[in-house]
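Below, chain A partners chain B and then partners chain C, in two separate complexes.
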Partner chain A sequence: MTETVRVPAAADDLAAQVSWAQSILKFFREKPLGAAGLVIVLAYIITAIFADYIAPLDPLDVDYDLFNAKPSLDHLLGTDDIGRDLLSRLIYGARTAMLVGFVSSLVGATLGLFIGVASAYFGGIIDLITQRVVDVFISFPLIILALAIVTIVPDVEADMFLPEYLHWLWPDIFGTTLPVIVAITIPMIPRCARVVRASALALREMPYVDAARALGFSHLRIISRHMVPNVMAPYLIMLTAFMGQAVLLEASLSYLALGVQEPTPAWGLMLRGSAEQYFRSAPHAAIVPGLAITMSVFAFNVFGDSLRDVLDPRLRV
Partner chain B sequence: MFPTMFFVSVVVFFLMQMIPGDPVELKMLGDGSGDFSPEQLTLERERYGLNDHPVIQFTNWMFGVVQLDFGVSILTDRRVSEDIAIALPLSFQIAIMSTLLATLLAIPLGTLAALRQDTWVDYLIRIFSIAGIATPGFFLGIMMIIGILVITNSQWAPPFDYKPIWVDPWYNLSMLIWPALATGYRYSAVAMRMTRSTVLEVLREDYIRTARAKGLVEKIIINRHALTNAMLPVITVIGIEFAFLIGGLVVTEQVFNLAGIGNLFVTAVELKDYMVVQALVLIVAFVFVFTNFFIDILYAWLDPRIRYA
Partner chain C sequence: MTEAATDTPLSRVLPQTDRLLEVKNLKMYFPVTEGIIFQKTVGEIKAVDDISFFMRKGETLGLVGESGCGKTTTGRCILQLTKPTSGRILFEGDDITKFSSAQLRAVRRKIQVIFQDPYSSLNPRMSIGDIIGEGPSVHKITKSKAATLDRVKELLSLAGLPTNIHTRYPHELSGGQRQRVGIARALSMNPLFIVCDEAVSALDVSIQAQIINLLEELQEKFDLSYLFIAHDLSVVRHISNRVAVMYLGHIVELSDSLKLYEAPMHPYTQALLSAVPIPDPVVEKKRKPIILKGEVPSPLNPPAGCVFHPRCPAATDLCRNEIPVYEEKRPDHWVACHHPLDG
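Showing the complex of A and B:
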């Protein structure tokens, strides 16, 4: 791994910006597959943000005359078993999936980053204890730990902690997805902490860290200003790897009816029900949300893989 | 290994203590139809030892676990170990079958992809494996059932009730091959990627160049020199994924309506039957710790560098 020491010079900022744009261009040229993944991810994000404008109908609206309708002009993908528009549910499902995917992987990886760096920086008994805790939490498969945690975390509605006029700060989707987000975040923290710690151990011996310590900087400052910026490569790699996993995990939990709860639109929920039943009524009702999950995870993964190739080819996730 | 196992037990136990709601109240007043006085509830709690200090409860539970007794489910009053013993053979068989499938697919295909790096063969195999990691097991299962229904054009579906393979091999395999494939695909995809990247790495080593320079047949170079050394990380991945198979089983068993460990786990989580959840989480984690330990020993046996280090 190459260690890059950041030079905090004002004159470099402009140059840094140019190289940013250049490096993105270079990424697109050298890693077309990864770039395609990035484009798909962006498409999903845009769908998620502007779901209100893209979706033709309200995803919660029930049409009592049309159960399991075939695709038509009114309902481009048909309706589900209680008469809700499938296309709208699919589009709003992107919002749920992206929210859970981004929040849980960001929080999980970032907490892991700081725990990992702190563990390496302090060393000794603190490192030992942290690593034992990490060992314990890594012993559970992601989905098993997530399932165990999801039962513990309650839904948090806006009126539980915010006055009426501030309810817009906490949309309902936050409340209903919170248990899933927490359940997915917690198992990710130790996985990231372990990888980051391995890279941070080498940094601890770097002269500039010694220098920072000799200058009497606080631990917090050394960790966050001197060590964290230099473990960005493994952090970003873990982050992109987690995003795909988080989307997949959310879909699995929802499929098991233990994740996002009805009537919130979620892809995993759309796949509930027996396959024989789908086959008879409408196979596409199962195929389309399944493909939506697969494609988003695929996009996250190819993007993450290419990013890893660019940033740190030796690291395996 | 044993310290990790002990702390795993502590974490599992106290995680379960955090589940909101009292299990006895959930059981007796759950649907609102029961009418019990607080004294009766206390008595019932006493019966399960829930009034003891958590540390004492934990100690009692640990003594049981050591004797493979995971306590009594408060919800169903059945012994947890008996429920697990019923569900285990089915899941274990799927696990073995998917491991075999995964290994048989992953090692040849991964090696092939590495040998033909950056050709269409490599791309095809890589897309196959990335798709495997991205496809959720339940979606694959649903597609399989729909596919079976389309091809057979009938009402046939994989059977539900488990018969051991030595009783009725054809019935058993026609039932379990599908969930094994659905779980094994992802598994093989992970192992395939690992095989490809380690073979690529090994092929760049000096001793491979030496072997080529002295004119060895390519087949011997690959089989004897490259593969034996590339296999170590692959074995780790196969082992770790085996320990994590239960995660895949949780969803696939749901799709195929199979009464295995995964199904038991999901039902227990739904009902907040925490003695069962606790037992299963613990078993899964123990399997992981054991597998890691076993891999370490296997490593030492396979790799002389570790044995003599």
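Showing the complex of A and C:
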């Protein structure tokens, strides 16, 4: 036996040093703008989850005395054209926006991740076919493809597939937002797959992937354990970029009356109809949801940008 | 080249079971294609062109040659990482090129690999313990997590590493240590045969010596066979029992390492050996290196006849027109040359 190689003790502390808390703190120090984005995103998420407790009134309650009311103590942001509380609708609208934004970007980017990595890993004819399909999808603008898909997908209510006592598993908001989520998810899959494939192509040639094949591992194992973890950086960047896009797309679809349907509160819906008609007499009805959309997209994008700077070693100085 | 090449009198004396691995008429041509959707083949790169050799149990066969001569491709074919164009690879008597994926999975335990670059051969997202222990646990060699950890520790100490580093990640280790982790991973499946693909080329000289000593120790302990791919002739001489010299996809000479170094029969081997400096200024001054003219021809369009003829000092018309037969010119000394040197 040769003498055992010494590993310097200092390396022991190195691993311990990079804890979660410390890396988050570092992120806040180095990327204040991105951190601000993160804080806003978190604020939106909390609002969405606890909407029931935060909202002062029921977003569906109609106050027949006050149509298009100016902000007052009773209605902090005023009311819309049929007298519903704007602040409450705004808060519940965050729930719709966040649900659509997170679910569709997570599902879309993750499916794209696996399709992209598998396409690069198998190569040959599989790669060729996958990439031509991706080409077809990418050649449509996001919104056009989403418009086409949203008209196909039906609403799915809980009583369609769940027994009565399990209805709590599928809140109504899932059913009403499902077509929108599907419509936004599908155009995102090929966009993520294309970006991830480019990184995965370089990985396929790495000796550790060859070593994994020589060890006789299954394709699934090599893809999920050896390739996917190494394309996390482009995946996370795509994911955060998609979140902002998904929120905007949901608002656009709802504004075009093809997304979330009345009376479900959604920012895009709040912008349409009366908000357009009465924007001279009651401008707050359009400004408030517009600001909510802008802020959330802005927050997602600056956070995503900073995340990219931190994760992409090529941009690291 | 015929199959008879490996069945000459001397090799017949040895029992067939003694042959762990036998490569017969292996060809690996990479197609060169044009077009995006309807690809058509416009040419072939003959990376490995009709080579045959065998390996005995417990033996080290050195495989040397210039870059691009097909050494690594040969190794990858044996590992079944690329599917050869034609030819047979017999491992313990079975042709592994015809194996189903389930059969291949079983035989892969016995054939492992050590790579050149210790930095890219370990998955940066996995701990050392996971890298080494994944094979045994996936193949149910170790039945529980504790057993896997014990095995990992055993392998780490076999590779000369401290046993407590299994929680570390590859970036925390030096090049030599990473190479030892690569060796431990190869050993994790109890292999019979290891392809060492330039296993020491990326390390500095003092570490090279350590790794070579480690490989030799492990060979003795576990009766391993190595296919030692390298371009450093002095390293190969040290570790190999026999050496094969490759040029442009062909094996031009294969022999006992002592005989090959002392009395090469192929002009290319002679030229290669004369390029190795001797660490003695007096001797070095008297030597006349043989300088080959020209460049290595493209494997896309190899020369007719003997592939070495455009650069060979002894080339004749025969060499230009006829491919020399790879045969056993002397006992256990195979050469593919029309005009072999007497040595």
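As a working rule, the second predicted complex is superposed on the first by the 290 of 317 C-alpha atoms of A that agree within 3 Å, B and C clash if a C-alpha of one lies under 4 Å from a C-alpha of the other, contacts with A are read in each partner's own complex, and residues count from 1 in each chain.
Keep this in mind: contacts are C-beta pairs under 8 Å (C-beta built on N, C-alpha and C of every residue); 3 or more make two chains touch, one makes a residue touch a chain.
Note that the coordinates shown come from a computational prediction; the quantities given were computed from them, not determined experimentally.
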| item | value |
| --- | --- |
| Touched partner set for A:R213, first chain B, second chain C, both or neither | second |
| Chain B versus chain C as contact partner of A:I293, first or second or both or neither | first |
| Contacts of A:A148 with chain B and chain C, given as first, second, both or neither | first |
| Partner chain in contact with A:S139 - chain B first, chain C second, else both or neither | first |
| Touched partner set for A:V103, first chain B, second chain C, both or neither | neither |
| Touching partner for A:L239 - first (chain B), second (chain C), both, neither | neither |
| Of chain B and chain C, the chain that contacts the larger number of chain A residues | B |
| First, second, both or neither for A:L269, with chain B first and chain C second | neither |
| Contact residues common to both interfaces of chain A (with chain B and with chain C) | 132 |
| Touching residues (chain side chain B, partner chain A) in the complex | 3-4, 7-8, 11-12, 15-16, 18-20, 130-131, 133-139, 141-143, 145-146, 149-150, 155, 157, 194, 197, 243-244, 246-247, 250-251, 254-255, 257, 265-266, 269-270, 272, 277, 280-281, 284-285, 288-289 |
| Complex contacts: residues of chain A adjacent to chain C | 1-7, 11, 14-15, 128, 132, 206-208, 210-217, 221, 225-226, 229-230 |
| Complex contacts: residues of chain C adjacent to chain A | 37, 76, 79, 81, 104-106, 108-109, 111-113, 115-117, 120-126, 134-135, 138-139, 157, 160-162, 165, 167-169, 172-173, 176-177, 180, 182, 185, 188-189, 210, 213-214, 217 |
| List of chain A residues in touch with chain B within their complex | 132-133, 135-137, 139-145, 147-152, 154, 244, 248, 251-252, 255-258, 268, 271, 274-276, 278-279, 283, 286-287, 290, 293-295, 297-298, 301-302, 305, 316 |
